[in-house]
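Below, chain A partners chain B and then partners chain C, in two separate complexes.
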Partner chain A sequence: MSNDAYLAAYPALAERLPGQDLAWLQQFRQSGLQAFAAHGFPTLRDEEWRYTNLAALSKTQFAPTALQTAADDLLAEYRVADAALLVLVNGHFVPALSDLADLPAGVTVLSLAQALQQQAAKVADYLGKAVAETEHSLVAFNNAWFADGLWLEVAAKQVLSKPLQILHLVTESTALAATRQLVVVNQQAEAEIIETFVGNVDSYFTACVNECFVEQNAGLTWYKLQAEASKAQHFGGTYAKQARDSRFSHHNFAFGSLLARSDVHSDLDIASECSLNGLYLAAQRQHIDNHTRINHLKPHGISREFYKGVLDQKARAVFQGRVVVAEDAQKTDSEMNNRNLLLSSDAEIDTKPQLEIYADDVKCSHGVTVGQLEEKSLFYLQSRGIDEEAARHVLTFAFANEMVDKVENSSLKALLLKQLLARFSGIEF
Partner chain B sequence: MLSIKNLHASVGDKPILKGLTLDIAPGEVHAIMGPNGAGKSTLSHVLSGKSGYTVTEGSVTYNGKDLLEMAPEIRAREGVFLAFQYPVEIPGVSNIYLLKAALNAMRKHKGLPEVDAMDFLTLVKDKVKLLQMDEKFLYRAVNEGFSGGEKKRNEILQAAVLEPNLCILDETDSGLDIDALRIVSEGVNSLRAANRSFLMITHYQRLLDYIKPDVVHVLADGRIVKSGGPELALELEEKGYSWVEGQV
Partner chain C sequence: MSNSAQEIENLISQEYKQGFVTELEVDTFPPGLDEDVIRRLSKVKNEPEFMLEYRLKAFRHWQTMPSPDWAQLNIEPIDYQAISYYSAPKSKKDGPKSLDEVDPELLDTYKKLGIPLDEQERLAGIAVDAVFDSVSVATTFKGKLKDAGVIFCPMSEALNEYPELVKQYLGSVVPVGDNFFAALNSAVFTDGSFVYIPKGVRCPMELSTYFRINAANTGQFERTLIIADEGSHVSYLEGCTAPMRDENQLHAAVVELVALDNATIKYSTVQNWYPGDKDGVGGIYNFVTKRAECRGHNSKVSWTQVETGSAITWKYPSCVLLGDNSIGEFYSVALTNNLQQADTGTKMIHIGKNTRSTIVSKGISAGRAQNTYRGLVKVAKSAENARNHTQCDSLLVGDKCGAHTFPYVEVKQPSAQIEHEATTSKISEDQLFFCQQRGLSAEDAVSMIVNGFCKEVFKELPMEFAVEAQALLGISLEGSVG
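Coming up: the complex of A and B.
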C-alpha cells in the first residue's frame, strides 16, 4: 500500500510526540493511526473526495522536521498589525518568533504540547470533540501525527480587544507540518482569529485541524489566509461546535498551494448564527477544494454562505457546500451561494451545493453560477479608453474584491488586497 | 470631423445599416431620429467599435483617420464618446475609479502625465455639481442600482470629465422625467464647443427643445432618408414616422 512509508515511520515518530505519559492520548492516537492504516489517504472513490486526487501525498514521503527558530521575511510580510502573533514553524509553536506582548486580557494561550503537560484533563475534554476520526482519514491522520499546535481559551464574558494571529510557516522541503488547534470561546466571550499559512520552500505538506467550541452567546470570527508556497499540499480543516445563541463567522481566502483542501464545518445549536465566506483564486495547475458543512441541529438557526472563485489557465476547483437541517431544526433560515468566474476554457469547477432538509418549517435557498467575464461590461470599459487586458483585470479584480471587502480588520484587508492586486497586474486602486 | 460614407453593417447575415452617409463638421450638433429598430443604436455601436457587427461596405473617417480600423479603446482615446442607450452596471468598480482610469488613459494617449489626485477631485466634483448629482454617486459601483435617469446622468458626467471630440448620445433622453431632462440637457449644452461635435440619437422631438441641433436626419431602415433643419423634427412629430417611411 502506498501509505506504508508513513506507517513504517510512525513508531519512531510516536516516541517524540507530546503527551507520552497520557494513556487516553495514546489511545486516541492509536485509534487515529488504525483508521489511517485501514483507509490510507482519501481517494477519488470517497464520495466527498471525488474530485480531489491526493496521490502526491503518497508519492513523496512528507516527514516531520526538527525545530527551526530562525526569523523569516515571510513572518514580517504576513504579519497583521495590532494583533497578538502566534508563530508555528514546521508545525511547532515557536515562542521566540511570536509576539505575546500584544496578547489581550482574558485569553489563555499555550502550545498544545504545553497544554498537555499543564492541563491534560482539559485538553481531553475537547480533543476530538468537534470532529471525529471517522470524518475522513486526513482527520484520523492528524489525530495520530499532530506534533504540536495551540490551546486558545477565552474566558467567559471577555471580549478580546485584539485579534490573535496564528501564522503557520514551513521552512523545510518535504516537511510535514501536522498541527492541532483547540479554540474555546466561553460563554458571552468574543474573539477574532487570523490564521495564515505560508512557506518559503516549494514542496511540503500542511495537515492542520482546528477544533472550535463557541459556547453560549459567544462569538468567534475566523479569517483564514492560505498563501502556501506554489508546490505545497495543504489540508486545513476547521470544525466548530456552536452552542445556543452563538455566532461563528469564517472567511476563507485560498490563494496558494498546488493542491489545497479546506473543510469548514459547523454544528448549530438553538438560535445560533453561522456565516461562511470564501474566495478561491486558482491559476496554472492549482487545485483548490473547499468543503463546507453546516449542520442545523436545533431550531431558529441562521446560516449564510457565500463562496466565490476565479479560475484561470488549467486550474481546477471544487466547491462542496452541504447544509443539513435536522428534523428538530424548525425555523432554520439558510442561504448558500457559490459564484465562479472562469477565465480560461481549460479551467474547471465542480460545484455541488447540497441541501438536506428533514424539518418542514424552514427557509432555505441555494444558488450557483459559473460564468465568464461579460462582453458588454468589457466593451463598456473599453469604450471609456481602457484596453481590453486592463478591462479584464479590473472586472476580475472587482469580482474577487467583493469578498475582501467583507473583511473588517483593516490590516488584514490591506494584506489581502496586496495579494489580489499582485494577481491582476496593471491596475491601481 | 466625422465622415460616414455608404456604410453597410450586419449582425450575422442580417443587414441593418444599408448605405448610410453622414458628414459632421467640428462644432456641429446633428440629431438622428427614427422609428424603433431603424438601426440607430447599431450606428452608435459600429462607430464606437462594439464587436458583433460586420461592416460589409463603406467607410468612416474620423479626423482624417480610418475609424473602423481602431480598437474601441483607441477610438475612445482619440475622443469618441458613446453615451449608451442602456448603460452597463459594473459591480465592484466605483464610478470614481472608472473616471480616473479613463481620464488617465486619454492623457497617456496624448503623452500627458497622470492627472494630479487633487486636480482630479476638483474637476470631478465640479462636473458632479454641473449635473446636480450627489457626490455619493462617485463612490458607488458604476451604474449599479442606479435608476434609469441616474444612469443617463452618469453617462453625461463621464462625457463632461473626458471632454470628447465626438459625443454620441444614444437616446439619452429616454427614461428621463422633465427635470432630469433639463439638467442633462444643460450638461450637454455646457459641453458644446467649437471643436466638439454631437451625434444625438433620439426618438422624440422634445430633447431638441433643449438642445438645438444644426441638422436633423431621419434614419429609417438603415439609411438616412431625410435631412433638414430643426423644423424637420417638428414636422416628424406632427406627421409620425410613417410619413418618412412612406418616402423610402
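Coming up: the complex of A and C.
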C-alpha cells in the first residue's frame, strides 16, 4: 500500500463527501488533493518531520466509514461533567449521542455538513483561512478528505456559561476519521472547548484539523485530551488566528495512540496573548510528536509556552516549538520551556525549540532540559520509609501533575488526574 | 533618530581594513573543475599516489551530491566551473629556503596584517604558518618546535614527508562524503596546516595559521589536520582575511582534530574574511567543516571562534566525544552587520561515558544581517552520565536585522543531564542611559555592553587574540549604539 492507494480510492469517496454542489469547495478539495498527490505523506526528509516516521500510514490503507456504532463505556468514561457534549463517531457528527439540549446561550453548533448546506458562504469565509494546504501534506490530505466536522460560532459579547466538549470516537477498525472543525469566537466573547480523542478498536487513523478564529478582545481556552487506542495513528492540528487584544490558551494532553502528531499554531495580532501548555506521557513503543508555532505578527504580543514530557520503556517523543517574531512585532514578550524526564535507557527525546526573530525590541527566551529523577529526592523519600518504586512514582507524578494543575475546569481536572494516577500505581490521595 | 541610534549607525558603517590587494606574480589554474584539473593539481603539488585517489574518490562523490539548502541562508547559486582551484605566488623553483627568499611583497602583506612572520623579531613568540591563496608560504619557529618533537608544517609538505601519518588520519574525522562542501574540499584542497604533537608533549608555544585569499576568482580550500597524541597539549590559532572584491569568493575549508587519551586541543579562530560592502556586494562565502574527535579517554577539545567577517558563514565546529570522560567545549561570538548572513553553531555528539560538553554562543546582529545559531546535542545510548549545558544569547542592534536560534537536542540516555537556554534582546535604553549618566559616551557604552555580552567567550581566547577580537568587534560595530 502506498499513497497511491489513497489517491486511487479518492474518486469513489469524493462523490459521498458533503458540499457536492459547491464549486469553491470542490476546487478547495481538488487543490488539497493535488498537493497531497505531489508530496505524499511527509517523510523524514522534511525538516519539520525529521523525527517522525509516518510509514505506517502508507502500509495500512485507512478508509472512511459511515458506520456509527457507539461505545457507551468510553462515552461514560470520557464525558466531562457540566459541559455540553458534541460527539463525532468515526469522523461524523452524531446528534443522537450528543447533548445539544443543554447548549449554553449564544453559541451556534452545526455539523460541518449541515453548515455547508445552510450557510455555505459563511463557511467559505473561514475554511482554509487559518491553515493552508502548503503547511504540510497532512493538512492538504485533510482538505481533500474531511467528511464532516463541526461549525461552532459564539456570538459577539457572549461568555459561554459552560464548556463545549467535542468527543471524537472511533469504533471501526482501520477507519479513517478525517474531520474539520471551524470555531469562530466573535468580538468580546469567551468560550472554552474540551476536545477528546478516544477509540475502542485496534488500528485506525485520526486526521483532524481545527481552525480557530478568535476575534478582537475575545478569549478561547482549548483543552485537548488525546487518549486514542494503543495502536491508533493520530494527527490533530489546531490552527488559531488571533485578532488584536485576543486571548488564546491551549492545553495539550497527549497520553494515547501509537503514533501521534499534534500541531498547535497561532498567529498573533496587536497585543494579543497566547499560552500553550502541554504534557506528553509515552511508554511502550509510543511515539508522540508535538509541534507548535507562535507567529508574532504585530507589536505587543505576549506568548508563554510550557511543555513537559515523561518517557518510559521504548517510547520516543519529539518537541518542536517555534516562535517567529516578524519585523513589525516590536515589544514582543515570549517565553518557551520544554522539560523532559527520561525513565528508561530505551526511550528517546528529540527536542527542537526555535526562535526566529526579525524585530529588535523584543524579549524572547527559551529553555530545554532533559534529565532523570533526582537521586537526592529519591533518597529523601526512601529515608522516610517509602519504597523506591513508590518514590519514583510520586516524583514522576509530581513532575507531570504541574501541567494538570494548570487546568481550571475542575471536572476535566478530575478526569485528567484519574488518567494520570492510573499510570502510577501506589499513589493514593 | 536619537543620538545613540546615530552612533550605532556610524559604528555599523565602519570599513573593512584588510581589503587591500597584493600585486604578486601568481601561478593560477584557469577556472573550471574536472578530473584533469584534480590530476594536475595533485601533480603540481607532487603528491603521493594515494592522495590522487583520495581526491578523485571525493570528486566523484561530490558530483552526486546536491548543494545543501537547509540553512537559514540566502545563497546565490555558485558556479563551480567559474572558480580557479589553484593559485600560488610564483616563487623560485624550489620554494623559499628562508624568509629572505620569500617575496618581499608577500612579507609586506603579512606585515600589514600584523602577523609576526619575521622570525628574527620574535614578536609574539607564536609559530605561524601563513597560507596565501592556495599555498603555504612560510612557517616560522620550525626549529624550536622540532626540538620538542612537534611537527608543524604545511599540509603539502606533510604529504611528502609524513605520508603514513597523513594517510592514517586524513579523512578519518570528516570522511570524503560527509557533506557537499567537505567533499569538494577533499577533492581540491590545496594546502593547510598539519600538526602532530607526540605523546606527553606540551607544545612549547601557541601555533597559528594565517589564511589570506588574494587572487581574484579563486577559491580557497585549505585542509587542517591536528593530531594530539596521548597526554599532549596544544593551542592553535587561526586567522583569515581577504581583499575587497565585488564578486563572491568561495572558501570551503575542512579542519580535522584528533585527540587521543588525555590529550587537549584548543582551537581558536578569528575569522575576518571580507564581508562584502554595505549593499551586500562581494564578500567571502565561508563554508567550513570543522570537526574534532575525542578518541581517547579524558581527552578534551575546545573550539573558540570569533566570526566577524564573510558575506555568508556556514560553519558548525563539532566534537565527537567517543572516549570516556572526554570534554567538548564551544565558545562563539558571531557578529553580522549590513547584509551578512551567518548560520553557525556546533554539534556535540556524546558517545562515551561521563562525557561533558559546554556551549556558549553569542550572536550579535546589526544592520540588515541575519544571524542564526544552529546546534545539535546528541546523546547516544552508550553515553551514561553525559552532561551538556548550552547557552545561546542573541543581541539585536537595529530593527532590520534578524536573530534566530535553532537548537536540536536528541537524547537516548536517561542519566544524561541536558540544559539549553536561549535569550534574545536588544541593548536596552536603560543600560545605555545608565552608562551615559555615569559619563560614558554612547559609543563607549555600547562597546562596553557588547564586550560584556561576549566576555564569556573572549576569556577563552589566547591573550593576543582576545585583544584582536575585542578591537575587531569594536570596529565592526562602530556607530551602532542605540
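Going forward, the second predicted complex is superposed on the first by the 425 of 429 C-alpha atoms of A that agree within 3 Å, B and C clash if a C-alpha of one lies under 4 Å from a C-alpha of the other, contacts with A are read in each partner's own complex, and residues count from 1 in each chain.
Here is the rule we go by: a contact is a pair of C-beta atoms (placed from the backbone, for glycine too) under 8 Å apart; a residue touches a chain by one contact, two chains touch by 3 or more.
Being a predicted model, the structure only gives us computed values, none of them experimental.
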item	value
Three-chain arrangement built on chain A, chain B and chain C clash or fit	fit
Superposition-derived comparison: chain B or chain C, residues of chain A touched	C
Partner chain(s) touched by A:21 [first = chain B, second = chain C, both, neither]	neither
Touched partner set for A:408, first chain B, second chain C, both or neither	neither
Contacts of A:364 with chain B and chain C, given as first, second, both or neither	second
First, second, both or neither for A:4, with chain B first and chain C second	neither
Which of chain B and chain C A:125 touches, first, second, both or neither	neither
Which of chain B and chain C A:377 touches, first, second, both or neither	first
Partner chain in contact with A:202 - chain B first, chain C second, else both or neither	neither
Touching partner for A:330 - first (chain B), second (chain C), both, neither	second
Minimum distance between Cα atoms of chain B and chain C in the superposition (Å)	15
Chain C contact footprint on chain A (complex, rising order)	47, 51, 327, 330, 340, 342-372
Parts of chain B lying in touch with chain A, wherever the complex brings them together	48-51, 71-73, 75-77, 81-82, 84, 87-88, 90-93, 97-98, 101-102, 105-106, 109, 141-142, 158, 162
Touching residues (chain side chain C, partner chain A) in the complex	70, 72, 379, 381, 394, 396-426
Complex contact set, residues of chain A against chain B	375-377, 379-388, 390-391, 394-395, 397-399, 401-402, 427, 429
